[in-house]
Amino acid sequence: MTVEYTLQHILLLVALTLALIFTYKTLVERDLIEAIVYSAGQAVAYGLAFIALMAPDLALAYIAVGVGIYSALFIIVVSHTERYEKE
Amino acid sequence: MVKLKDVCIGLSLAVVAAIVSYLIISYNIASVAPEANRPLANMFLENVFNSEKWWLWAGSPEAVTSILWDYRGIDTVYETAVFFLAIIASIALVRTLKLTPETSGRGFGLTVIAKTVTNIVFASIPIVAYSIAVHGHLTPGGGFQGGSAFAVAPLLAISVFSLRVIVMRGWSKDRLLALRTTGLLLIGLIAIIVVALSALKGIIAYVMQNQPKPWAPAGLSAIVDFINPTLISGTLFWLNISEFLAVGAGLSLVFVLLVSPTKMLDVEVEEK
Amino acid sequence: MILEVIGWIGISLLAIGALMDVIAAIGINKFKNFYLRLHAATVGIIGGAFYPLLGLGLLSLSLEQLGVIRFYIAGISFTSAFFVLITAPVGSHILARAAHRVGVMPEPIGVDRLKEDREKGVFK
Amino acid sequence: MDLAIVKSIVSGLMVLFITAIVLYTIRIIRGPTIPDMVLAVDALAYDMAVMIIALSFLFNTPYLAVASLPLVLWAYILDMYVAKYLERKSIGD
Amino acid sequence: MTKRIIASIIATTLFLMAIYIVYTGAITPMDILLGLVGSSIIASFTADMLLRNPNKLIDVRRWLYFLAYAFIYLTVIELKAHLQVVKIILHPKTPVNPSIVRIPYEVTSDYAKTTIANSITNTPGTVVVDIDDIRKVFYVHWINAKSIEDREARKHVSSTFEKYAKKIFD
Amino acid sequence: MINQLLWGYYYAVLMLILFMSIYGIAVRPNLLKKIIMLSILSDTANILAVMIGLHVGRTIPPVYPGITFTVETLPNSTSLKEFAKQAVDPLPQVLVVTAIVIGLAVLVFLSFTAILLYRKYGTLDTRDIINRIRGETQ
């Protein structure tokens, strides 16, 4: 087990656990703006996971799309429609 | 307040996930796959920049971009077509929408501090995206990455300066459509330019061919003589730039349409 | 020699930054309202991201054994540091402004001139 | 400078950064208001930008660093959108 | 008129070129050529947003003041402010007096305003909450307000920044 | 053993996220929530694909290091073989790059549809939309 390999495991552990927590919060949140912020957090965590999986190309594309464009797109949709999810 | 139903669903999800991952691990499907599982990856990695095997190389140290635009080039052209279909479908939903400075909101924007800093950032994002795109065959990056990075610039400008300012600066639907179509046409042109040139000489060549092969000795050269020997990897460089244009302009177009004021969209709905 | 010094400056900036980051993360959990947390977040962003980025850039400049590619890392760190320096304060400012307008009021507070002025109608 | 020493120091400091990330996550989840959460997401993203460059040292692969600048810039756009929505309820205005 | 536009396009091109070169971290002839092409295209679209008066760029004194300000700000002022807030975080018993105070300013150009506001926000302990362009006032949330009078507060918070910003940008 | 456990944990987490997002798409009534969960679903699928390309001990991205525009020497077969022994599989990454951007375009299309549906029926709740449509047809 080299140093790099251990580090990779630590990073994947942190990133995927964060992603799990954020996805759960996105699922249960009724306020859609909060859900969008949680999903942005999930995107940051996945960006770290892509780095740990040695895919800088994907990290570039995914961070631009996941953190920036997805959240902006969803907020635009909320601004045209409604903010709270019904029970 | 935890309901029984939620607990049941959560538990069953966890159990199924555990079983599936146990199966994946115990049958050696993914995590600890042996070397025998990746001859294709080794082939790509060994030959992508190997000038000794010039009939297999792509002339680029970046395996991802070379596979994207050379080994699987036609596939990527079709993927780009899918991308444009999705964008055209989005535009078709609001096809009668006409954005003029009068109809595009009141133009408030945010505070002067945000506007000044966003001026700098708005000018810098395109140059960073451009850098990502033109170095696509040398370092991680490429047309798709650069294009999606560029699309953030109009998004930022729309929220900070307001849509009205953007429309007054000339970001009209027609211009962005023209830019996007130019990118697409350039991809098509580069795809057939090698075939066209070699047809004039009477040599066989493939569509999307990058480097020459023994049975099809046509193709753009990977290293050109520009002051120093400069690596531009044949068609990869040009394809990256055109994809950058196409993706960036296409996404900008959709976002400019998407933030158009709510009452404009209402008119759209009533006309249907 | 000079490279050695630059490298140690870089490492110390990185170390200070990491420390600042943990302190800021503690502070952001400890403070009671949004406006106080803003100050902790500033420590976390400027002390915990800007200075480490500068430090990493200096560190990579000093490592000669990396070859040409060290300029690549250094360039990315310096550009990132520059953008952190100019965008992060605007983000905080815009968030604070939006929060005040939505009605997230700082409690407890000595004086709130902004609220007074907006109630008086001096500032819309 | 010796690369091995630098690497061991940097990998020691990574522990601090990961601690900070976990603490920021706690604030994102607890955050009573939306600005709180966005602020914590910001700080998280900036931290990760630092971590990514440090990782490119530790993995000996400079190309990993490339994702740092997007992370810095796109955290900014999240701020702008959330703030604009809270303030005006309409993005294009 | 046209001379000014050309000057601002050239200045913007140089700025974008600097970002491009630093970001890519390589100076081969091809890099420089591509950078010049790309940054001049982008500059021709964005120059009028970035620069209104390119003549100020030639003034060497402004650059010297800018460097001096950057050095002082990034070392001394930031260090002091950081220590203050770190003390408050680590010792919860430290008496604090959070307040939103008015800080008047007297500069005119947008860049000067932004420099002052960003300098205030970037030092931990003070955050610009809002800005009134007409009455020329920043509303600043101050974690440990030493004074709530406008003039006094300005002396504590932004007098240094304003002095330099006026010399650099106005 | 610990290796096996760690990888099992990663796959379990990814599977959980996958199932959670499918649950969100299927059960949650709000259209925008469905779209958000769809984005998470596609991202998780991408992560899984890339994870399968990562083999044990591979800690280099699939880019041959140290090349700028100006080339002095091209690498020979031996150094490339050495590189191939350490780098990760590039093929899943290639598939995912296009998938990310196309996923974005599809999500934009879905967002347009959601906005127009809201403008027509005044709600994003699928149950309400179905009721309105039935009311119109009867």
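Per-chain numbering from 1; labels A, B, C, D, E and F assigned in written order.
In this section, a contact is a pair of C-beta atoms (placed from the backbone, for glycine too) under 8 Å apart; a residue touches a chain by one contact, two chains touch by 3 or more.
In this text the structure is predicted, and so the values were computed from the model without any measurement.
Visitor: Chains in contact with chain A and with chain B: which ones?
Guide: Both-contact set = D, F.
Visitor: On a CA-centroid basis, which chain has its centre farthest from chain F's?
Guide: E
Visitor: Out of C-F and B-C, which chain pair has the most contact pairs?
Guide: Between B-C and C-F, contacts are more numerous in B-C.
Visitor: Counting in whole Å, what is the centre-to-centre distance of chain C and chain E, each centre being its mean C-alpha position?
Guide: That pair's centroid distance is 14 Å.
Visitor: Centre to centre, by mean C-alpha position, how many angstrom separate chain E and chain F?
Guide: That gives a centre separation of 39 Å.
Visitor: Taking each chain's centre as the mean position of its Cα atoms, how many Å separate chain A from chain D?
Guide: For chain A versus chain D, the centre distance works out to 12 Å.
Visitor: Just curious, how far off is chain F from chain D if you go by their C-alpha centres, in Å?
Guide: Centre-to-centre distance between chain D and chain F: 20 Å.
Visitor: If I count partner chains per residue in chain F, which residues reach a count of at least 2?
Guide: Only 9-10, 13-14, 16, 20, 23, 51, 53, 56, 59-63, 65, 68-70, 87-88, 93, 97, 100-101, 104, 108, 111, 115, 119 qualify.
Visitor: Can you list the chain B residues in contact with two or more other chains?
Guide: 64, 110-111, 113-114, 117-118, 120-121, 124, 128, 132, 139-142, 144-145, 148-149, 152, 155, 159, 228, 230, 232, 251, 258-259, 262, 265
Visitor: Could you list the positions in chain C whose residues touch two or more of the other chains?
Guide: If we look for residues of chain C contacting two or more partner chains, we find 24, 26, 38, 68-69, 72-73, 76, 79, 83, 86-88, 90, 92-94, 96-97.
Visitor: Give the pairs of chains that touch; include all such pairs.
Guide: Every touching chain pair, ordered by label, is A-B, A-D, A-F, B-C, B-D, B-E, B-F, C-D, C-E, C-F, D-F, E-F.
Visitor: Quick one: which bits of chain A touch chain F in the complex? Just the residue numbers, please.
Guide: That would be residues 2, 4-5, 8-9, 12-13, 16-17, 19-20, 23-24, 26-27, 32, 35-36, 39, 42-43, 46, 49-50, 53-58, 61-62, 65-66, 69-70, 73-74, 76-78, 80-82, 85-86 of chain A.
Visitor: Quick check: in the complex, which residue numbers of chain F touch chain B?
Guide: Residues 3-4, 7-16, 18-20, 23, 51-53, 55-56, 61-65, 67-71, 74-77, 80-81, 83-84, 87-91, 93-94, 97-98, 100-102, 104-106, 108-109, 111-113, 115-116, 119-120 of chain F touch chain B in their complex.
Visitor: In their complex, what parts of chain B are in touch with chain E?
Guide: Per the touch definition, chain B meets chain E at residues 111-113, 115-117, 119-120, 122-124, 126-128, 130-131, 134-135, 226-228, 230, 232.
Visitor: Of all residues in chain E, which touch chain F in the complex?
Guide: 26, 28-31
Visitor: Could you please specify the touching residues of chain D with respect to chain B in the complex?
Guide: It is residues 63, 66, 69-70, 73-74, 76-77, 80-81, 83-84, 87-88, 90-93 of chain D that touch chain B.
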